[in-house]
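These are the structures in question, set out in turn.
After this come two complexes, each holding chain A, first together with chain B and then together with chain C.
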Partner chain A sequence: MKALNENIPIETEQIDPQEVKQELLRKYPTKVARKRAKQIIVNKVAEEQEMQEIGANTRTIPGIITQRGCTYAGCKGVIMGPTRDIVNITHGPIGCGFYSWLTRRNQTRPDGPEDENFMTYCFSTDMQEENIVFGGEKKLRAAIQEAYDLFKPKAISIFSTCPVGLIGDDVHSVAREMKEELGINIFGFSCEGYKGVSQSAGHHIANNGIFKNVVGLNDNVKEGKYKINLLGEYNIGGDAFEIDRILNDCEITVVSTFSGNSTYDQFANAHTADLNTIMCHRSINYVAEMMETKFGIPWIKINFIGAEATAKTLRKIANYFENEELKQRVEEVIAREMPEVIKVRDEVRARCEGKVAMLFVGGSRAHHYQELFKEIGMKTISAGYEFAHRDDYEGRTVLPSIKVDADSRNIEELEIHPDPERFRPRKTNEQLKKLQDEGFRFKDYDGMMREMSDRSLVIDDISQYESEQLIEIYKPAIFCAGIKEKFAIQKKGIPMKQLHSYDSGGPYAGFRGAINFYREIDRMVNSKIWKSIKAPWQESPELAAKYACD
Partner chain B sequence: MKSKLLKTEKEPYVATTDSCKQCAPLGACLAFKGVEGSVPFLHGSQGCATYMRRYVISHFREPVDIASSSLGEKHAIYGGGPNLKLGLKNVMAKYHCGVIGVATTCLTETIGDDTPRLVKEFRDEFADELECHGNPSIVNVSTPSYAGSHVDGFHSAVRAIVDQLASNVPAMENTVNLLPGFVSPADIRYLKEIVHDFGLNPVVLPDISETLDGPAASEYEKVPSGGTPVASIKGMGTALSSIEFGRCLANSMGAANVLEDRFNVRSRRLGTPIGLRETDIFMDALKEITCRTIPIKYELERGRLVDSYVDGHKYISGKKAVIYGDPDMVVALTSFLTEIGIRPVLCATGAKSQLFKTAIKTVTEEILDESPEVLDNVDFYDIEETAEELKPDVLLGSSKGYKLSRKWNIPLVRLGFPIHDRFGAQRICQLGYKGTQDLFDMIVNAVIQAKQDRSPIGYTYI
Partner chain C sequence: MLLRHTPKEITERSALTINPAKTCQPIGAMYAALGIHGCLPHSHGSQGCCAYHRSALTRHYKEPVMAATSSFTEGASVFGGQANLVQAIDNIFTIYEPEVIAVHTTCLSETIGDDIPQITRKAEADGKIPEGKYVIHVNTPSYVGTHVTGFANMTKAMVDYFAESTGHKIDQINIVPGYVEPSDMEEIKRIAAMMGVRVVMFPDTSKVLNRPQTGKYEMFPEGGVTVEALKTTGDSLATIGLGRLASGPAAQALDTKCNVPCEILDLPIGFKATDRFVDTLRKTLGITVPDIINNERGQLLDIITDMHQYFYGKKVALAGDPDHLIAMTEFLVSIDMWPIHIVTGTSGKKFESRIREITKDSPYPINVKAPGDMFLLHQWIKNEPVDLLMGNTYMKYIARDEDIPLIRMGFPILDRIGHSYFPIVGYRGGMRLLEKILDAILDRQDRDAPEESFELVM
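Presenting the complex of A and B:
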């Protein structure tokens, strides 16, 4: 057997992606194949050419083992999980709360020992049969009272699991009543698992809830000349800490992060920032839109994954504030950080150049991490998102043509108007125009496909089965997805890097994060272990016999 | 953190804070993973399969495929039948599996899907396709997440497998059915070795020894090899006897009871064999079934274990332990700790179990004057509250007790499920004389290390 991890890019070039697509679809029943065909695209790159349409954000087919989670997972696990001082109560049977109990490796850093941190707790109403039959509102009310008595938190939020919606418990009215009674902010989320196509629906429900119930409640203006919000950064493995370090050195103030290392007060205060910067476009772009309408804060897309991308992001923020002192400060920080990055990058690049990667993860990571691979000379030949929508693939220009289906209609679309007291345009129309004329882009996201090479395979909601076929054909040097895929891929002799929870590593954002990532990928793709899968006597029996005789 | 509680009366808390149990479908999936060629299938929202996969995988570090019928809002209203059938068809087509284990979830139980009927309909409607894919068996089990815990889900699934597949078609000579409950792959490997050494052919159900602890393979298999072969399950009705572990398992939940009632295969219900006494009983049962003497290998293992009990006694005697986890594991560990001179001060489980208290009494009363505190249906908040006053020296249980270990600065010996902050959970062997030996060494060393770490000097001769 050939060593499975042997990677020969020339061979990769010879593989016809159209044929691969057909191979992936071959075993599916006709109807399933037809649906999947729309979600598997052979990328074409040509100037001025319209993006191909990809099927995305459509329901997973039953029995096809998907990477996707549910609405509850997106709402409670992803968005609200990283906030440390809100007591999150899962209203439902015990499993959902247990499985979302700090499992994403989202980190937090309380200010001091007195600072509240409920993140290590898992609160659940642990619904029993009688609650399903007779309703669970009474138990929920008592659970809220109990949480209040024990912890006296600033806020309590309630997450609905599947049976809650089915039996008709009204978590919102319970929240309202208890808010009135206890005098703290209490709000509920209708994030039943069966709603929506994937966790993406849950992100939306969570963000709408925070926007509606928390943002704008605290008008204290933080010190600092350049104030931004960091949206869609979840502090996995400490990413937000590294980003904060860099921004801090640039003297840029982060008012709030949605939602890595966040607190209730940060959310309440978010409307006082002067710029919204978006990391994960998928999970939060609508919040930026709503904040612009309601408070007048413009937004830009940024990316701290990749050293070059980090530098670009810092310059973009500095350009927005149009301040020479800031621009100079940013250049100093970049100049200070880059030498170490370049040293490690070049060292690692010598060993990784030309190898190929595949990324199937998240709603932005499969795109962002291509930057890091590029920096060490590795090419992404296939990628796709787990729960993204068409605009994350094709760019925001496609937004008007996305069809609204029953699943999207399920998610409340908030009607937003300028806040009579708090709306304050951060730039005049002239200033905005001037910036744009100079090439500055607001609300800019071109999506993943434009930045991927010709003939690369873009696959939405890849299934376990397709992943296995794909690595069998291409034998990439590395495959990136989540823990569910990790061991199946590695059993095939391909190193698998978790880009949800980073295995046990991180941070990978910013400059130091880039260094961590280069070293991690070097370690993985250049490991010798894969050659030992077969014992020497299995590999070449004659040789073993010879040694034995000698 | 505020941990002082307001309630002095023992009135149960309303909410569950830091649960010490998982939900029933997870247990069912684990049981189905132990059948050869099987793909677990959850009838419900796709999030259940995803969450349980990620959780089980983080413990075993192995591929775990669990399919789902991926119900949406529409199906929650109109019923999940069409999705279930389509899902089953797709799993059959792609996995060519021998068994599909369908477990329900809170969603499908709440909407009242009649899953056994839907499976039957599927068998009738798609007979040709089933034929074409090698006639996989479809086993179904009802596991509403709002009733019972993962322990109940596990046992319900084992019972359903036996109930729906076992017959009296002979498969092998000299077989004994072994129903070990939820133990580790390493435990199962060792149990099989023991039974073989008595000259018997073990049918272990479920057998996760390879499916959840597989070798690095040059050829990847879609459904991992290993697991109890369906043919062997079909022959369970012809075995010489059944041995089922679990002092907390009600007869109405025992799979061996089904075999006894239906095929007259004698059921021997034993405690999970951890420690000398429970392993002696297990060895005795095998001796009785085979009319053979105990193989010398086990006499030696036993002898070495007793020898180590003597040697290690000075380190651990009188230490106080808190044990938490699945009822039968806690009972077995309590039995073991009692005999080595560690005093169990609190035995706790998140599961509801009427037999738990009696079982703890049974395994401790010969040795202890005072019964330990026993709590079922509790969470870590309750455990903390009770244990705080008992001042334990050591904790035994899953990773989820780490918070208490950190707070009280005492060692946590990680056992049971889930273990996701240590390496090698699937290889922990704690059953039989040899497993107990490993466990004993681990506990003694944890106690020694704690003493060493607390010393301001740093002695190496301790």
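Presenting the complex of A and C:
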């Protein structure tokens, strides 16, 4: 049993979370309240079998102001967006391509001035009314031809927007034809915005597409003793660069990153790695599962958010490779990096200890970032995901009991078999057993709720209204969400940190990232400016007629 | 190079848009609806549209931008979005309690053919619209027009739904300000107030998207045109629409519906267009222009004459919306600068001929395209370099690659502040533009000057 809410301000401790839950639901129409009640859980730290069930990955109720986006955003924006050398053509009216153009802060670093980088470009078929009425396939074909003629890329991918599915354009057959004609890899994604209930469906569709069309096409084996893939790391604010630096110092080779700072060729030979490590479980576990079945690569959950978590992750990778030299190298790197981390952490902790945070973001970050807050003595009293599933809250043990509803059934589940030539188990059964006996865990994700304290509020797909109520009640020192939430929160005088795009900051991963984050949170929660919002005459409106005449 | 794949050689493209100089209708409708007091914009489509529009507007204004969505899933896309919209209306009035819900459609709901008035009637029949509250709508298919069209259509919907003519004229005029910043709307109202003119401005996003930090958040802030004021627009003496594309349809609709005569002018950017605006107010209402306005105009002209040597002959490339580009091109020509590459994503034959008319004395050939994109603009620049770029934040990629200073103008501006607080319209807006132009040109001169000719006094 974990200690109960240590360091929490007394006022916060006295708030009854059950009452808060009722308060959040009070104003809702009955049907809405009933549905939302399943998505708002007062956490209980309990044994595995007593885990509470949370409603997640279900439809957002129309009219509720939600944080969520769409399937296209998850597919094109999140997963495929960070790859620099694929020409990504949005097939649809102009908006979708425009809004997903460079807005996510996923950095990329081409190898040299001649290296391909299309991320600064927005490509769209800009469908007009006639394309909706008579079909857009002809225009799509012409657009692919024009992109090829101009850029001669190694690959082109096509992203379907809402009307494409409705009018029945077959982007996949256009892709096949043009692939044959042009001799480069061309593939499409049926990621219409209305599929699924959030971005999450788009992640799955992107995973399927990249696995089907690219992974396994290049058998060149990269040099390196310890070869891993980094999955679910999108290089926001340069996170992947910091992770690469650390891994490089440990002499661990990253074959591919899905998909921060990535290239087409990295995806194509991802199957030559010996371990898949997952950062964001929600967005990418599908690829890891499929790679295990087809190529025999085991996967583990890791986390580079938090200095302690980073150290733990490095040790875990070293343990997997069962090599004393590597284990020693990892310890050296940790020992080299930690003193600076501890110095800043302790300095910042003195100013942040006991303050309260709330995190509502993503499919993993609302969980991962609790580590960083903990390191500077701050407590997360409420958290939730925007688009996660039950396993991200309750842990993967819950997977067999998750019912597949109509919205999830729309997303294709690929049937995967071992590759006759490329399947190669990375460990013998004896080795696996030995590792597991020593406490090593594969495919392990325990979810967010187990690591949160008793009486904390776990809220899935939080609404604007609920966010406002929570802030009124708890008055947290900081609230973390996305750009749409940012300024309404800050207008209330509470600093709001974006954990999708990191505002203008980052990296926050790894050791140096942890230092950046400590300093950023210190800056935000201890800023003088919040105390200056009221003018002197608003603070003390009484009139004192100092210079009045007698 | 950031745009390393853009070739100098220009090839014809018929299907692929690269680096658009426009976005889609619904965001313009959402922006316009935020200019109604107590209004919650509603996006009838899948969640992503609403999320994208809110994000883009939020990044531009650094302000809360609230809007709801019908959250379509595959089922709604197949069976129609009626159930979603009726439920949304119920939830919005129960939870958020706006005065008005302004529904705009999306490519999704347009493609399946949802009939919004019919759905609204159903919601009303079901008792989901409280007494005295309104649901208005506009059709904004993303595959027609651009964000400017969406703004124009939502603004026209305000007339369609609210304007009434009682037969008794009111001593006021209507101003449709165009798709401009809240700061510009404020400035246009200030000019009218200085002339003693009572104005109903719609939409009006001032005090909505440039609010103060007060430590309090109100979902429906002080600003925005009220429904009561909108109702009176049918009794106004006249309507002035600023910007043909963005304001024309609403101004004309008032004429048709309520016989309010309208005058459609260019956006008052630069002294010439501002002169026309002020003179139209003067003539329409038979009033004298006060000295304070003459003084502001004089200050603007003073800067031009004082610093003319730095403007003279400088070449400019611009991207943006037609209404802005027409007025800005005229302003630049009026101070002897030469806009030579002009692109907008919004189509319009009149636009091209208007630009050619304004630039007819140019010593350079003029490249103008509507619709065109920023990829083409960049290629033009590679072929005929310029001294200055004017356009939205996406132009910073061209600016850096080609080492040309950029003045941010239009939508979206994602990387600088100021646009929502300081206007570019009116004489004072003109002064601000000149300050920006001079800062850009003179900073560049300071950076590049040989040491012996590095100037203290400029």
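Note that in this section the second predicted complex is superposed on the first by the 530 of 550 C-alpha atoms of A that agree within 3 Å, B and C clash if a C-alpha of one lies under 4 Å from a C-alpha of the other, contacts with A are read in each partner's own complex, and residues count from 1 in each chain.
Definition applied: a residue touches a chain if its C-beta (ideal position, glycine included) is under 8 Å from a C-beta of that chain, and two chains touch if they have at least 3 such contacts.
What you are looking at is a predicted structure, and each value in this text was computed from that prediction instead of being measured.
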Clash or fit (per the criteria above) of chain B with chain C on chain A: clash
Partner chain in contact with A:Y465 - chain B first, chain C second, else both or neither: both
Touched partner set for A:K433, first chain B, second chain C, both or neither: neither
Overlap of the chain B and chain C footprints on chain A, listed as residue numbers: 27-29, 32, 59-73, 89, 92-101, 103, 116-117, 120-129, 131-132, 139, 142-143, 145-147, 149-151, 161-163, 165-167, 193-197, 406-407, 410, 464-465, 468, 482-484, 486-488, 490-493, 533-534
Chain C residues within the chain A interface of the complex: 1-5, 7, 11, 13-20, 22-24, 26-27, 42, 45-49, 51-56, 58-59, 62-77, 84-85, 87-92, 94-96, 106-108, 111-112, 141-144, 146, 211, 213-217, 219, 345, 375, 394, 397, 414
List of chain B residues in touch with chain A within their complex: 1-2, 5-6, 13-19, 21-23, 25-26, 41, 44-55, 57-58, 61-76, 83-84, 86-91, 93-94, 105-107, 110-111, 144-147, 149, 214, 216-218, 220, 222, 403
Chain B contact footprint on chain A (complex, rising order): 1, 4, 27-29, 32, 59-73, 89, 92-101, 103, 116-117, 120-129, 131-132, 139, 142-143, 145-147, 149-152, 161-163, 165-167, 193-197, 199, 406-407, 410, 464-465, 468, 482-484, 486-488, 490-493, 533-534
Residue ranges of chain A in contact with chain C within the complex: 27-29, 32, 59-73, 89, 92-103, 113, 116-118, 120-129, 131-132, 139-143, 145-147, 149-151, 161-163, 165-167, 193-198, 406-407, 410, 464-465, 468, 482-484, 486-493, 533-534
